[in-house]
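Here's the structure we're looking at; comments come further down.
Every chain is named by a letter (A, B, C and D) in the order it is written, and numbering of its residues begins at 1.
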Amino acid sequence: MARASHLLDSSLDSADGFTDPHGAGAGGPSADTVTPGQALDVETTYLKGHGTFLEDGQLLSSVAGTVYRVNKLVSVKAIHARYSGEIGDVVVGRIMEVGSNRWCVDISARQSAILLLSSVNLPTGIHRRSDETDEAKMRSYFREGDVLSCEVQGFYQDGAIALHTRSLKYGKLADGVMVAVPSALVKRLKSHFVVLDHGVSMILGLNGYVWISRTPSAQEQKAQAHLFAGHHNFYDAPGSTPTAAPKAAEAVAGADEPLDPHAVREQIVRVRNCILGLVERKVMLTDQLIAAVSRTARSLPAKQLLDPDVMDTVILETREQLQQHDE
Amino acid sequence: MSSTAPSNAETAFIRTAAAQGLRLDGRAPTAFRPLKFHFASTPGAVEVHLGAADAAAGNSTKVQAVVSAELGRPAILAPNEGVLAIALELAPDFSAAQASVHRNEEEASVSRLLERALRRSGAVDLESLSVIAGEVAWHVRIDIRVLDAGGNILDAACVAALAALLHFRRPDVGVEHTPSTDFLPSAGAAADAATAALAASGGPSVRVYGPDERPPVPLTMHHLPVCVTFAFFNDGHDVVLDPTRGEEIAASPATPDSMAFVLNANGELCALRKDGGCAMDLKRVLQCGRLAALKAADLTKAIKDAVARCEQAMLSATKARAAAKGTNDASVVAVENPVVLEE
Amino acid sequence: MRREIVSPEGFRQDGRRPEELRRSHFRTSLFQQVDGSAYVEQGNTQCLVTVSGPREPQMRSKSLPDRAVVTVEYAVAPFSAGERKGPLRTNRAHTEVAASLQATFEAAIMTTLFPRSEIMICVQMVQLDGSALATAINAVSLAIIDAGIPVTDYVTACSAGYIGSDPVLDLNYLEESAGMPQLTLALLPRTRKIVTMAMEQKLHLDHLEPTAEMCEEGCLQMYQQMNAYIASASKLATLITPSA
Amino acid sequence: MPLSTAERLFAAEGIAASLRIDGRDPLDARTVELETGVILQASGSCRARVHRGSQVLVGAKVAIETLDGASLGAGTSTGLGAALGQGGGRIVCQVVCDPSVAATGGGRCGAGSGRPVDDLTGECGQRLSELLNSAASGIDLASLVVIPHRVGWTVYVDVLVLDLGGNLFDVVLLATKGALCNLRMPRATVLSVDGKQDYDISSHETERLRGAEAIPLAVTCYRVGRRFVIDPTLEEEDCSDLSLAIAVNAAGQVCYMSKSGNGASHGSLIKTMMAFATRRVPELLRVADHCILQQGTRTRAIQGFKV
């Protein structure tokens, strides 16, 4: 890590240059890093957010991390803090337990999240009441270990997160690899379904689980939408990968040509190694940054990115490119 | 309150009362409950009753301590010393409201501190318990049974253990260097493997004298370390001494909020326990320490007085028995010495 | 043949002054699989701590409806001390340290923010050279902060002994085994309030104050060092310099 | 955490296509950092850290033990008689997990569907002990005898697994070799007192463990599908149904082999694995020895766990 520190600019005097600071709901990291017990600079009126507490009328930080200010809300985010969740967040989760009418899903939160049978789209139509047959077949929809994309629907009283997959874009994930990164290093974006170059897509779960996979072809997309409309059992269909948002898929559909599966796989690996490399250097992840770094890395064999020195060079090069681009 | 845990309303009441310097049993915040000793006729057995008057409210603590000794091999690491063992047991019906997990934790935490107070502080002179260096030594065992858990088990157990140790008499022993042919264990405790083996090997043999041959001897005590426990309410703002069960629960909404000092009459601190709970200034800790020292002196005096009075009573009882021996009166005289510790 | 703890010139055997701490090193975020981890070296005492959670409790029956459960495992490596000790499953001394650590950190962690979850702290003493409890507390403190678990303050700890008529700070193994009284104190440095105190051997009540005051100073010094480390370790990196 | 069928499939396909999840070829290993002399209290120590993988700390201690039961060092004397009877000292190995490793995934290694951690460490300790106490280990076990049939040195090798990231045995053996090369034991001299043999332990003179530099290293081959990989990640280990640990010395001789897993295999695959291991390990030994010997002179641990 020490090696990287001279290379990367650790000062946080401004929002990083990759996203629009006024982007949807995104509070850019503001000036400072604070440590537990440190008093926070606040104006006369403020809202107390995560990672802060009040003592004798003073707002103090309870964690070591970066201060975020969104309007009046002041919060501090630590790099390794567990995912706390907000309604509407896109997350990637893993089924830990199959219950009688619910799945327990690991989304790196402080408790297992709950996905109710009534919160998933059942085969043969979107608006259908679940019945006993569905309960009996729960394991055929999602079984232990399965990775899925879903959305935060709400919270239970004890703080557990409720999830739902009631949208075409959510569901079981296949044909790819999952990377777990600290949730605090995933920046809130307009869309967390990202289509990268060279046939690779990624779901940048706000909980820090990232799913990297092959972008399904336009045909596959269509076939899937078709399935979903209810002729077959969607969940048992082979290659059912609702990985990217339909809109995004349409965007690439035009340029869609059959790609060499080996090349796609290598690009998936590159993206994976780039994400790990960035996270190890405590860099905040955005879709554009990952895209830029993996583009720079494209000239290298994927395994070379395991070498920290190579990774440093790649990041440095990307930085120069981005700076030039800025000017 | 004896079998059920106090309700939230009750604990809240205890806390608000404490804020005004009041306690449910009318004590001052820095007062101990009345302390009573009941000595059994056998030496080394004592029952200590803390707050007997308030038993109906479930706020009395009753602890029994029994000291016994037998001959055995000394520990390898300390060949010239005897062995002191402490065993604590909470009676099975102890505070039925408490979950068994909690009970194990409490048992462990109390026995850990007793260990520090009585063993590691060197209260009992272990060297004097050695009979033949490296071969035979007395194994002294203190069995402590909590019969009634009405709060502050620790202090009560410590007092009971000390009183029992002072009250205890072990048989006198003699070492005979010639192989004894008439090896006769005269006390039950002596019929043990170590001495037998030793006698068989032709080494020096140990002779245990019966109470009629030589008077039993007391243990040599270096000092009397007594324990004084404080409980804190309202984030350390209010403090009480010798908390009752209800107060203990009120003081520990989440984690036990108490502090214990183990001190002797010389003002030496032998152990100190403050694990978590409310955070407090050093000044506060020192204040508590000074108060604990005062209380420790009182407690030590109470223990000594009680033992002394009991011994006197025993002496006169023995005399009386000797006088009445002809009539073969086997009735045992149980002495009850209520000693009330003044505030 | 007992050598002097403090020489007439005012130096200890390892060359320190009585009020001097040993040199310490800190590292955090050592492992991927846990939420937080820390390695603390104080002199030759080395301690490794990992923190998992707040997470779904492994035993659901142990969860509490109003706050997180803190569990502490304390282990000592077989090669950590002069004499090799086989791993003991249940060691009373270890249970005592674990209980003390648990109570200490329950007081500092804002457990009520995480009902029905569990925070598991695993302490591994890699090498023992005195002041083990204090080192463990400092390491747990860093690991908890590394895990991003909200606390009201750091908990920093330090030990001090009392010899002759003066206290000495941060005892090493040699000094510890000389049989002098030793006080370990865990402090919330911001408010200078004491969370945990533990003592070995007899100490006269009159000497408690100077010894505890020295401990307090030591804790504050530890805080300075730990806080400086955390401040630098928790900075995020940016890839681009501000475009003016 | 259990793996999904899709992830297993993706990993297995990658191996079949010679492109693993992290980009390595099936026969590529990750880089390892070695650091010797990290524990002052131990007679020899070594830490090995695999890049994004397992991390182990090995401490070796020696104790002189006498056959009549009263041993100077701590620990049991079981097996000492047997060892001395065969004219050698003995090496006692134990592999334990840091409680945090044991606690993740409900006591199973990494992937919840994997083996119980205790099982894995037990197997690892067993293999280590069998290998080191055999003549093939290269260690001069006879040099551990102080008075024949009566007094001998016991070397205790304690392995602490700090992080589990696959391929445990290879890493453990590497770190153990590091620790044993780093080992300094006090010199024991035999005296004759009144015709009886006695010994004296020097307080300042030390000697190395003879033959430590000859200890072989292992390459464990894991079968996935129709191919095999080395140095797997936990996920890949989970996809494998058969593994063969092959320890080879500098001369390219196979010193120890141990198979685990439920699968059965034809001899041809085993032969390929062995041919690979006998080719790879001597190379590996050259690099490792260089690394270990270079650091061998270091006596003070500097920042034991640098990132």
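Keep in mind that, in the parts below, contacts are C-beta pairs under 8 Å (C-beta built on N, C-alpha and C of every residue); 3 or more make two chains touch, one makes a residue touch a chain.
Predicted model only: the values in this text are computed from it and were never measured.
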Lowest number of touching-chain links that must be crossed from chain A to chain D: 1
Distance-to-centre winner among chains (Cα means, whole assembly as reference): C
Chain separated most widely from chain B, comparing mean CA positions: A
Separation of chain B from chain C, taking each centre as the mean of its C-alpha atoms, in whole Å: 33
Gap in Å, rounded to a whole number, between the CA centres of chain C and chain A: 36
Between chain B and chain A, distance of the C-alpha-averaged centres to the nearest whole Å: 61
Touching two or more other chains - residue numbers and ranges from chain A: 96, 106
For chain B, residues that touch 2 or more chains besides their own: none
Sites on chain C at which at least two other chains make contact: 29
Pairs of chains found to touch, sorted by chain label: A-C, A-D, B-C, C-D
Touching residues (chain side chain B, partner chain C) in the complex: 105, 108-109, 112, 120-121, 254-256, 259, 263, 266-282, 285-286, 289-290, 293
Contact set on chain A toward chain C in their complex: 4-5, 8-14, 16-18, 29, 33, 35-37, 51, 53, 55, 62-66, 77-82, 96, 104, 106, 110-112, 158-160, 184-185, 281-284, 289, 315, 318-319, 322-323, 326-327
Of chain D, residues touching chain C in the complex: 39-42, 45, 52, 55, 57, 59-61, 63, 73-76, 94, 96, 98-101, 103-104, 106, 110, 156, 158, 160, 162-165, 303-307
Parts of chain D lying in touch with chain A, wherever the complex brings them together: 1-7, 9-11, 13-14, 17, 19-25, 28, 30-31, 51-52, 112-113, 307
Chain C residues touching chain B - in the complex, by the definition given at the top: 67, 92, 95-96, 99-100, 102-107, 111, 183, 188, 191-206, 208-209, 212-213, 216
